[in-house]
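Next up, some structures in structure tokens.
Both complexes shown next keep chain A, but they swap its partner, so chain B is in the first and chain C is in the second.
Moving on, here comes the complex of A and B:
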């Protein structure tokens, strides 16, 4: 990966929602990088802003949302500068694909899946696929073969309710990559599916992404899945990216107390199922300083007053934590 | 086939359907089967206020005109007004409700407040005022009723759109770069079509009744065109002796409204399985 030229770079992105009590900051200084062909896991508890971030990348922000600052660069272009019409025409589906969470609800129940997928292609298919309906159909049939939908020909003519959840999610994957995007955003694509189907779907997504050199952002709260499929991981807490690291640091190298606790939540590692005490604070009641402070086992006095800065520990590892940067600061004079 | 079987099981809805089909049939073949086609417009003073008999099943009115003839000929008028008003109200209310519901924000608020204004004025009074301003006649009545009826549609469609909008497939379409017009009219509209259909069906009965009230007040179609409401208005001076003057047009209004209501209720049960009565 060339660090200077990532496919997607989210830098200090901050987003607020207008509420009755004023602006509430939902995303606060999010940093994220995805290289071409890389699979990034975006991890965090519910309510950390993962889905909001993914939608913001697509320019889909709810009414009343306001960008407070930062950039979302995609292919050298700041997506925040583009208006809705351009995003809709040039970016979505064509360059950034999206796989939603619940496959059962992701297709309009009233239309055949084929017509819905062809509709997307009609607007966004790149020139190399061709403009004609038959070319689009051929591409779809080929993709459905690839995502292992039996009898693609008749499957195109069926309605969403005639498929199982796993099949529908495979169709969603096919739809998301149909227009050959550079990046696919998968928002908890397997949460609604059972565990065996989950593995098949993610294995398929990984296989196709590697083959087409498509980058993927996989949103999940399952670190086990991340360990299996992702090249790099970004951990979010309460609207901030608190730690980013590459796959090889996953098991022993993580530094942020939140990431460690998340890893300990996995039953295979801890023996018994453990949780993290407390809950993610609501957007209107964010603590000052480090947002994880009140739940943190390694909390320091400074944590409740000042927000920690992002610190590069290695080329492939950055962390936002006073406890970690404090220990570095303590180490520096000794080294010097 | 499935729908027909459900209809057959729901006796009330079936009765409603039969009444409405019968009314439509009368509208089409009425002019050819009425016993006294000339009585639509011509007075016949010699036979005025005759009670029901074999010659005049429903009796005659104060101009000696056959009431059966005039009730049958009034059917088309009533249905025409109802369909015209429903169509016009839908033409305005449905797109506006869809767009307001989908886009929300200031535009949605503005649309809803406008409907509030229309709904705050009693619809009958607004219709009377408008009908007085406009030229009397069926066109004026339709316009007046449409203006008072579209907000009902608009609000109904608005709330349905609000809930349909949260469906994941709408988000999926947005994220795949489908245009908002396309999402609204090609994807959301078909999904909320059934409540709209139910609303229209029940609304048709309501419109027929309001139209009859306008006719009663002399604001509907000008005489001597047969009209149920106007016929009831004319009967007042001959009550209670000439009871047939009011009874038969009144019965026609009653049946038409009942028919649409039963049909609408039945359609609601059939279309929305969640509300389907267990039996």
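Moving on, here comes the complex of A and C:
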């Protein structure tokens, strides 16, 4: 990727939630980069903070969330500096599109899908599409054709409950790209759908993103999916990005024990990963040192006291793990 | 849909029958002798007994009830013992006054209660919300007859701003009868002077009547908006940048209306009850004061007729509420 000119750069981002027992850090030093037109997979078990990160990028943190530090740079500005009104007007939909996890719950049940999608375009359609409702309608119809909704004309007039989950998610894809954003955030866009539909939806998303040169952050807990569609992968564990690598390192070459375990097992529908013993720690009870330590097969004494630093293994591969850094350190003198 | 209406109308009949039965029993359980009232102070016991036999007051209660119900079934509400006029005629004369008053009060309660509820929810747990909630608790706690008398005392007697009772000032003739509601008829006749006078008469009783339902509507709206705001689709609508006012005023409001609309239906029934008292205080020539008069004179059939009419209106309103639901929510429409 072109590290010089990323579209989105999340740097050392840290976020806490206010809980009964005080502030609990939910994201801690998250680093992430997405280049223009790139599809990034964001992977990790449930509860690792993926959705929280996506919400933070959109500026939609829940009440009681507090930014502890870091930056979210997008198109040259720090999104954390923008207030809600500006984010809503200038960033959402127009520059950063969003595809939700559960299309059944995310369409407003009382409004026709067409009017909901037109509402987005009304406020965020770029000038080249035009300002008129008919121009917006024309664009929507064309997109619905593209996402293979039968009879787009009548579909626009239907209510959400008249569609299947797969169709709703196609509509969500159309809505997300309608205003030609530079980046689309897709938060587990297929986990509410059945397996065959999953593949179709992701293939469609990839096809359209490539065609329009739209960057995508594809959030998932399924590393297998990522292998098919993503250019690069960032792995999150317990609110930290523990490893980032490009597609070609996927099959051999991933180094973090957590990533390796993710590769070895397939998630069930609920997102719990069989094969990795233990669970993701809750935000109020993070272990000291490396957060994966208590579950790690390669754990070292240092892991329980000190947090590993991010290590660049290659230009397209960074990892945070004492076992990995330790083996490098051990190797260096021998090579010299 | 018409099947739905027919079914609901048929279902209302047993309920109304139960209502009449209950009222009948209650009337005969409380002391009061219509024959004695009719005969007057100077009457001899023989005269009273003759009246009793004439009207059948001496018959067993079951027989009286059966006679009354068969009279209803033949389409007659009976004749007033006091005025010797058809009760249906008297009710038709008085109904518009009550409709005018209750509709005005409900419009007031809805038009103020819903926005205040939305504002309260929007500023959830901030000071404005607290202030509004305290006011609404006050509105529920206050006795409407006390409020009515206080309003009369303050605005009519002390400040001399508004008329103290009646529907029109002395010396004014009502406009030609169209709906029977003077504020509407005067507008239709182009008589702004009459409209102003009639409207001034409406304000105090209308407000006294509106306070309790206003507080209820506000509380239900607030609760409904708060629950809507937690919905996934509201998150989506924010994530795709619906402007705040559009989101609250169009989408969230519509999703939140179902509960308050149900309440408005139920409150219309309750308000007809409080109208009895308010009409008596403001000397408002409607069904309420008619009911008070009929109870005071032991005019049983008139009392029963008012109860029955109010019951019918209540049943109709409930059907209407379901139809409004269907209009608001397409999923309900499908079930009708």
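FYI, the second predicted complex is superposed on the first by the 327 of 336 C-alpha atoms of A that agree within 3 Å, B and C clash if a C-alpha of one lies under 4 Å from a C-alpha of the other, contacts with A are read in each partner's own complex, and residues count from 1 in each chain.
Following the convention adopted for this analysis, a residue touches a chain if its C-beta (ideal position, glycine included) is under 8 Å from a C-beta of that chain, and two chains touch if they have at least 3 such contacts.
Everything numeric here is computed off the predicted structure, so don't read it as measured data.
A.B. asks: With both structures lined up on chain A, is it a clash or a fit for chain B and chain C?
C.D. replies: Taken together on chain A, chain C would clash with chain B, as the superposition shows.
A.B. asks: A:92 contacts which: chain B (first), chain C (second), both, neither?
C.D. replies: both
A.B. asks: Which holds for A:110: it touches chain B only (first), chain C only (second), both, or neither?
C.D. replies: It touches chain B and chain C both.
A.B. asks: Thinking of the overlay built on chain A, is A:18 touched by chain B (first), by chain C (second), by both, or by neither?
C.D. replies: neither
A.B. asks: Is A:157 touching anything from chain B or chain C once the two structures are fitted on A? First, second, both or neither.
C.D. replies: Neither: A:157 stays clear of chain B and chain C.
A.B. asks: Please report the chain A residues shared by its interface with chain B and its interface with chain C.
C.D. replies: 58, 60, 87-89, 91-94, 97-98, 100, 102, 105-111, 119-120, 123-124, 175-176
A.B. asks: In the complex, go through chain C and note every residue touching chain A.
C.D. replies: On the chain C side, the touching residues are 231-233, 235-244, 246, 251, 254-255, 328-331.
A.B. asks: Write out the stretch or stretches of chain A touching chain C in their complex.
C.D. replies: 58, 60, 85, 87-89, 91-94, 97-98, 100, 102, 105-111, 119-120, 123-124, 159, 161, 175-176
A.B. asks: Under the definition above, what is the set of chain B residues touching chain A in their complex?
C.D. replies: 104-105, 167-169, 171-179, 187, 190-191
A.B. asks: Residues of chain A touching chain B in their complex?
C.D. replies: Spelled out, the residues of chain A in touch with chain B are 55, 58, 60, 63, 87-89, 91-94, 97-98, 100-102, 105-111, 119-120, 123-124, 172, 175-176, 185.
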